[in-house]
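Structure provided below as structure tokens; questions to follow.
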Amino acid sequence: MKKVSQIQTLIIDGKEVGGKSDESILQVAKENDIFIPTLCYLEGLSDYGGCRMCIVEVKGMPRLVPACTTLIREGMEVTTNSEKIHNYRLSILALLFTERNHICSACVSNGHCELQTLALKLGLTHVEFPYIFPKMPVDATHDRFIADHNRCVLCGRCVRACHEVEGAHTKDIMGRGITSRVITDLKESWGSSKTCTSCGKCVHVCPTGALTEKGKSVAEMEKRRQFLPYLKLMRERR
Amino acid sequence: MEKVKIATSWLDGCSGCHMSLLDIDERILTLLESADIVYGPLVDFKDYPQGVDVAIVEGAVSSDEDEEKITKIRKLTKILVSFGDCAITANIPGMRNYFPTKELYERAYFENADLNQKRPSIRIPHLLSHARPIHEVVTVDVFLPGCPPPADVIFYSLSELINGRLPDLKGKTRFGR
Amino acid sequence: MSKEIKQTSLKEDRRLRMVDRTMRIYGNEPHALIETLHAVQESYGFIDTDLMQYVAEKLGVPLSKVYGVATFYHFFTLKPQGEHTCVVCTGTACYISGAKAIMDDFAKKYDLLPGETTKDNKLSLLTARCLGACGLAPAIVFDGVVAGKQTPETVSNTIERWFKNEL
Amino acid sequence: MNFEELHEIAKIENEKRAQFEYSINVCVAAGCMSCGSLELLTSFKKEIERRGIENWCKAKGVGCLGLCSAGPLVSVQRYDQKSEVIYKSVTLDNVHEIVDALTGEPVGRLACSKEMSFFKNQQKIVLENFGNIDPEKIEEYIAVGGYEPLYTVLREMSPANVIEQIVKSGLRGRGGGGYPTGLKWTTVMKASGNQKYIICNADEGDPGAFMDRSVLESDPHRVLEGMAIAGYAVGADKGFIYVRAEYPLAIRRLKKAITQAEQLGVLGRGIFNTPFNFDIKLRLGAGAFVCGEETALISSIEGSRGNPRPRPPYPAEYGLWGSPTLINNVETFANIPAIIRNGSAWFASIGTEKSKGTKVFALAGRINNTGLIEVPMGTTLREIVFNIGGGIPEGSKFKAVQTGGPSGGCITSDYLDTPADYESLTKLGSIMGSGGMIVMDDTSCMVDVAKFFVEFCMTESCGKCVPCRDGSAQMYHLLSKITSGEGNINDIHMLEKLSDLINNTSLCGLGMTMPNPVVSTMHFFKDEYLAHVHDKICPAGVCNMKRGGRK
């Protein structure tokens, strides 16, 4: 029994908008050109709700909610940006910068990185929390790709793309908390993976310079993601 | 009207930020109408003077010498500007932070040295265990990120500071290039 | 192909039967992963890569997921344990009643940090997040037997007796 | 199995019991077991046999007697007079004299006075069978009226009736949140779906809490019965108990209990000749505190990493394998049979206006009577700590009682007259939690305690959401700095900022409540923080300060 989606009206940032009942606040906001920052969200992948960048205020709800996983309701009043929300987002972004080693100036994704762009858009000019400077490995064993854990934000996009779209589930996250890390198979080198199809989807969905193509120099790594919603649609119709 | 006293300095950095400062080209003359550069690598003064209004410092705090310098600058300056990514994030100098300093010395003076494999005999500044952003050591008033920060943004920031305002740098410059 | 040889020798392993049995009980369904890893750890003492691969194939679970799950849960260990194991409870009651002093003593006397095994493979030190024996804080599990109200002295007594093969 | 058969079992069992004038009940719960109570039980049995008195005296293992600090505990019961003597710290050497004393005066030196407030001031519902029945024998549970409520429910009540009783009883979730149980049941009942599940959350992860362990070890059938009743009420025919692997004894007893219940037909297909089927399976946790969070727990039962997912949808609508799922904690289920037996009005008459019934607490830390207690909701903390708990060991001074574990907070002596109920504790910046109560005296440094909890949460954070994953690491770093004498006032401000951030933006309950121990200690013990930061001194002498100061 498939639920029929209904049209609902709601207010986002004072603007009256409409959407389908199975749409999230984020989707409806996007359709109406209202900007909500995101990081782990990517159209074409399942919703994750991990990065907390898209938190918004909903009138009557006791807590801030992630716009990506909260469905709209009739009469909902959403505030996507207030001083409080903005400050929380800045702090979360700052925490992400402290966690690994994001050296933008020496990164192949410089200029095309979602983390870097978010810092620019939200006006993060410095990070108030102390940097952790963990020693992280770089896996360059694959013929075509590199995994640089220094740049990883653990958004889980690669894991989801590999599992949900490619169907290989070569990548997953190991450990937990601050020590979690993205792995290939049984924490093996990427180059020796028997399950990896080398399709490159993980590389292109990665928001930062954690997964990149070989042979790219600083600022040369641009990602292509247009294929994703298309692929999703085609697979649903299969 | 008395001119605003500007000092510049660099700690553990590549001087690229200072180069970018020079990239404001002839606009520097406009700035100098109402400001003096009283200290820094671009001018020839030996000691850091009293009563500096604005200090622009590039580079991370990496050695005991850097630590002394920045503490002194902070003490004698009204407004301290963290200038560029190394000053704000430790950036490239921070890439050595995952290695013990002993290994760094080994690498620099022995493994990578073709001739004369020894620690320098004259005193060199002692490396701290980590290269740190300036604001983890002293209080910073203005952050001007970029590697290097674009000349236009430097000009804008200096103009604001000279006119007694704190520049609003949000959305104007980012980490990296 | 040393791996294949190891796999065949695995099949003859009696310990493997318990693992197989567990998987069978759950119909070799992917959701039996955690129960199966428990069975692996119980029969082998730890979870090694070959066994993870074996379990992954049998249950039809991706390799990376098996590894992800095995490392997510702290009860599982991927390293072989020493002859004797000592689990120090680091729950709140034990912590404020002196578990810290016991841990410090391990570091001092045996050069052991939690999760480590001595070089001679005699002794492993582990920690647990509350054994539920808070009434007896600080509590320690010596080779699977819970002992309460421990001090650095009572702990080293037990360990010395292990070393002298008295226990 | 029908009602007559059930009664027959109870009758036979009671007759069996009545044969014996004396019963020597040795506590075989984990605490006493680790003090050698099994050897003690064997020794009692041998002694009885040696003396040839086995026709009027028997020794058996029973569940937790409560006063764990004085284990092993032995309770000697006389059936005719229904009197009971509890002996504490019994050793093998005492077996002889205790058996000697059966017919005479109790061994005064070893006996605990029944008048002792530890025993006198409790009111037992969940723990009613503790120390009385052998947890490994279903017949003994049936003999005290067990599985009768299930029969009543199946034969005489409609699911709606059952839920109405639970709603009226005012029972709230005992796992920590205090969500009304009846409401939860109603939601699951109303949820559409052919398959529904019952999950018993026995992943008692709070360090310093052992209520659920004790219930599972001492009276496992009670929980099974509660789950079966819930299954009938919401329309589920499958149940899972998610229990910590760290509790081997509880697991063993649960397995045994499930097998016995299936053999007798009180679990399985067509229970009590009704069309109701109910199966219970065990699932072992594997050392992850976050799996106490219901969506993480579900993920773990499904065989995955214990990552929580955003709610809504709530498990009541979209739970295990996408089906409507009812999740309650051990103590909640253990209350159900008593509510059905005695009626919702009886239950609602106990406790306070908003918090009904009793609560089991695990007392631990710097307190004389560490152990397990059950008191009506609303009993003051002073009564619990100083009367029932017997106060603080001689020579030290009460400092704080910590409730709610890593999600809770500290309560100081000024607030000891606060009633222990959901709302009052929340108002003080702590929470009821699952019932762990750790008492601290002046040998505890509150900054160090805060650091302990933050470290706990840092290592238990699943890592999915940024504020919890990174924020906990930053907080731990700051607290380490402060406790090593290298902190400054700015670090305290940063702790405050991070606390607010993590509390407001984390994905699940673990993250949201993680800052509580820090916020609460900073509120009540600001001077200790300042002493660490300004004077580089640890007033309790716990922290190793690098520069100057004591110790």
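Residue numbering begins at 1 within each chain, and the chains themselves are lettered A, B, C and D in the order written.
Operating definition for what follows: a contact is a pair of C-beta atoms (placed from the backbone, for glycine too) under 8 Å apart; a residue touches a chain by one contact, two chains touch by 3 or more.
Everything numeric in this text was worked out from a predicted model, so none of it was measured.
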item	value
Of C-D and A-D, pair with higher C-beta contact tally	C-D
Most remote chain, CA-based centroid, reference being subunit D	B
Between subunit D and subunit A, distance of the C-alpha-averaged centres to the nearest whole Å	39
Averaged-CA centre spacing for the pair subunit C and subunit B, given as whole angstrom	51
Separation of mean Cα positions, subunit D and subunit B [Å, integer]	58
Gap in Å, rounded to a whole number, between the CA centres of subunit D and subunit C	25
Contacts with two or more other chains, residues of subunit D listed in rising order	288, 305, 459-460, 462
Overlap residues in subunit B, where contacts from two or more other chains coincide	none
Per-residue multi-chain contacts in subunit A, two or more chains	128, 130, 173, 175-176
Contact footprint of subunit A on subunit C as seen in their complex	49, 52-53, 62-68, 71-72
Touching residues (chain side subunit C, partner subunit D) in the complex	30-35, 37-38, 61, 65, 68-69, 72-76, 90-97, 128-137, 139, 145-148
Residue ranges of subunit D in contact with subunit A within the complex	288, 290, 305, 309-310, 312, 458-467, 469-474, 477, 494, 497-498, 501, 504-507, 512
Sites on subunit A touched by subunit B in the complex	97, 101-107, 110-111, 113, 116-117, 119-123, 125-128, 130-131, 133-136, 219
Subunit C-touching residues of subunit A, taken from the complex the two chains share	163, 168-176, 183-187, 195
